[in-house]
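So that you can tell them apart, the chains are marked A, B, C and D in the order they are listed, and the count of residues begins at 1 in each.
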């Protein structure tokens, strides 16, 4: 077994991996940028090493620095988490070259699956249905037009290296081809330094379903069933669940079998995810494979009862998967809400700053994966997701009602979050009935109304008045008791000041 | 004590008197009720009103109170009635003047959506900035004319940098 | 369905019931004594009513007052939690007479099961094995001696109305009978106002196993498998788990079937627990039936996936149990540690006071049922249990390792707790191997050694020095900045003072 | 700055100097190391020493510091070396004198285990009090003679009431 693992990440996922390691009696090595010295993942780890300035490119994306720390700290393995270097084939290769275990698949597999066209080809050859489209790379407007004839309109024109909602355009008619070709090609070149394009049929109002895979080095592959993450906003995922409400049991079994087929074809080792689009006739098409842990892995963990991070570590250490497919069952239903530091009333603008107050919900059927603490600073440099909340229920309705209850208990002060926005989703009749697609939010969400609805107007006014009275009273009391116990008061005051001085204090008025 | 409170578009007269240990008689525009209001944390209160229980958070800065009741946020502006009488009603006036539009975090300008001299509505998009891994549209806080554009697409901006000046 | 429920309890169980109600869209009515105005269960409820002075007898045990609040608040039902009035037949009857739904079994059943001799007789008649002993009540030393002949030495002499470790004596030989008889009889008379006695054979080093039962009004009875709570200290439970490590699968199935038999014989409705002693030959004997929710119900909830409080409410409202026995399976393993406000270094003396700091552990497989918050006061009047922590694992080892990890994250400041004592249990080889009985702590626990072991001596000394330096620095800074921003400083200071004034501040030095 | 620290039975000389922003050079009895020590809460610190990371809680009252490291509590008595030199070594002396033994919470006396004049060891049980639903044995904090018993079995006592006086 491994004795020391470097976690090349930050935030909630670094904390989550630290916890798994601790339960396995494995020591953890945290790395931190200058903006993260006081972050939770540093405090929780056994060892901690600085790796450079705040911008990711000079810290969390710096392969040399991370490898340097791994050697210095004598870490035997590196867990990349998600994001940053998690799907960087060069990093995986470098680890291998340096004799460090990379907790993830081989660089070859990462490379193949990172190239969307190559991935399509491999999966198609393995009998996995892919979205109809071009067989290879398209180099001219002419080639795009020819493929369009075969695929039909509307279709998506996509960059091979695209991702994160960038480098793609919907083309509805022939006359839109020239401008779309120019736009995607230039985006692809500028954002990914890779101008290659391909075409995929556009699926109307699809649902987004994915299959979690586990594979060991000895050829055993199992799937841990499905998740759905159709609730997204501008390609940013907001809410995920398992099992996928969009799947019936027959389709569920078929898609699971086919995902294993695809995984074997790639020679995959570790935890991975095959993403599929599900059309309105319940036909599914392979979209891409994520060769890492997903943000939403926790909903799967909850319904199948397997700790995916521990499984990753055991596989990476050369262990056998202890489960057979027939051991894996889905029990109940799990939902995950992501908590973002953002302002839903201001077009979801990220909202970094100091967390002045934090209270997490508790009780039956809840899991908090939280990357911050009361007093922590959400830095301006990284992803605004600060925490995840997962609820489980005997069935989907219970999971939803529990999530609503939990979000009512959730309090974050000092910054703005999407908690109220999550409540809006959970109360929406279309969400409740499971009748939604990836365009749900675009179709349904009008900015949370500013027409102020004040069900507890009197209570709010009374509270403000009580607080004002307290303030007044305390000011008077303070002046009176001033002489009596000066030193100790100043001492406490100073403590608080120095705490605040550690980072810019952010008021809630912007 | 009497306050003039503003919540949303509406103004209220709020009278409050402590009649027992953290028990208050409150009247909102003459509508009276009794509040058992205990302070249970730095900004946390437990209120019981007519046997209804509420857990409240009150953040306060100057005369502004942000009150959280049952997951909903109430932004209350509260001033001592005596202060209002001597004249304190000009607080809203600045918002109509010249404004500098900025973003709080550093990022990269993806696109500028307006030109100098454009007349924009409140909420109209001005600039798209990529920051914290996301593209963010910066909108106009008021109906105004674009006076000065300080950035261009592709530029990197510091946190707090002025993007556009509108008037 | 019920629309409003009064919760006749306080602390973590009142909060736990409030959460279940909220998930069912049922309004909750809290009651509180003068000591509990600021307690968490009051803050979380929808309605709250005072019911009298701090001592339980004048508040949480006052049937008249609670019924009065139920009527005034128009609550349709009362959930008694555990303790207080939960097993008070008179209270159940009074509810019925007043037309209020009592969430629990009928007063007749509570009465029968509360009388240990009657309970023995009913169970014996239903074919449930009971500990060999007297068939009825023993009124004289002579009768005790006669029964002892049949049962054999050693045996337990017990008060019929006994409980909580009171009103019982172990008798090892004939010559001990006279003094034991006098002692138990007088204890029984003074503590329970009921001098009746009976005899049970003494089981050497038994394990304590219990079966969770659910029954509806229409004759359906299911069991939710077993729990073990052998880890106890002076009859105070410390740690519980499910499944019971002491049971093999054959015994598990048999004891489940027999528990259902017993439940049917009583005509039980609602959630209940049959307690058994398991001897070293794996023979089990009925001990007593608890006609209420148990403290440790959460470990069962976690492994069978059923919310017991919701089930209680549904049954009480006249609903059918939706499960058949074959639907109930145990998945993985769950452990509960109870967190007490007590001082393990001072003979586990209760340690009430203000909770200056509180950080709960989080992450996969954890459940916090916590009845307090940072800044809350643990009153001197009630049970010192402030919270429960439940962990789940794929198997017992994972659940234990996760609990160790979680307890490392758990921080309570301002009062003392048994967190370190729980760690001691979880690290004990005999606990790890499942080889223990109810006398485990008595046999193994020597007071946590005061021979100070200081693995991080330098770190602790450096931390104290840094804190001292901070204090010094802040005092200086405070004096310097004093003039500049006097009003706002005094304002904040006053706030803190008033917070502290709300209750006596307890230092950690006693 | 230099402190004399007491931890358990042992005394240490602790020198500390802030060499950079919250970076300290610390020496314990001449054994030197560098601590990167950030204050991350009212009583919470994040320490990194030789790339080992520690999360610490420090509660402080007067010269007493209770330091929580990795779930273990360290009780440190810390005084400025200059103060020790002028003589501050008498803090332990009181513990040997006359002591009032009390319980913090109200309860009912179940049994008195000693008689006046008894000589008891440190840790010897004096009185059993039922409180917070449990029976609690109150033990002698020192080896002493029982001077005065103030309660008897069956009595109800207030919180803080003196039960026994020993000397």
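In this section, contacts are C-beta pairs under 8 Å (C-beta built on N, C-alpha and C of every residue); 3 or more make two chains touch, one makes a residue touch a chain.
Quantities reported herein were computed from a predicted structural model and do not represent experimental measurements.
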Contact-richer chain pair [C-D vs B-C]: C-D
Whole-Å gap between the CA centroids of subunit B and subunit C: 46
Chain centre separation in whole Å, for subunit B relative to subunit A (CA means): 30
Two or more partner chains touched - positions in subunit C: 408, 470-471, 495-496, 498
Multi-chain contact residues (two or more partners), subunit D: 39, 42
Chain-chain contacts as defined at top: A-B, A-C, A-D, B-C, C-D
Subunit C-facing residues of subunit D, complex: 1, 3, 5, 7-9, 12, 14, 16, 18, 24, 26, 28, 31, 33, 35, 37, 39, 42-43, 45, 47, 49, 54, 56-61, 64-74, 76, 78, 103-106, 131-139, 159
Complex contacts: residues of subunit D adjacent to subunit A: 36, 38-42, 44, 46, 48, 51-53, 55
Of subunit A, residues touching subunit C in the complex: 15-16, 19-20, 22-25, 298, 301, 305-307, 331-332, 360, 362-370, 394, 398, 401-402, 404-405, 408, 470-471, 473-479, 481-482, 487, 489-498
Residues of subunit C defined as touching subunit B within the complex: 30, 37-38, 42-49, 73, 373-376, 495-496, 498-499, 502
Contact set on subunit A toward subunit B in their complex: 164, 234, 236, 346-353, 356-357, 380-384, 407-408, 411, 413, 419-420, 423, 452, 454-472, 507-510
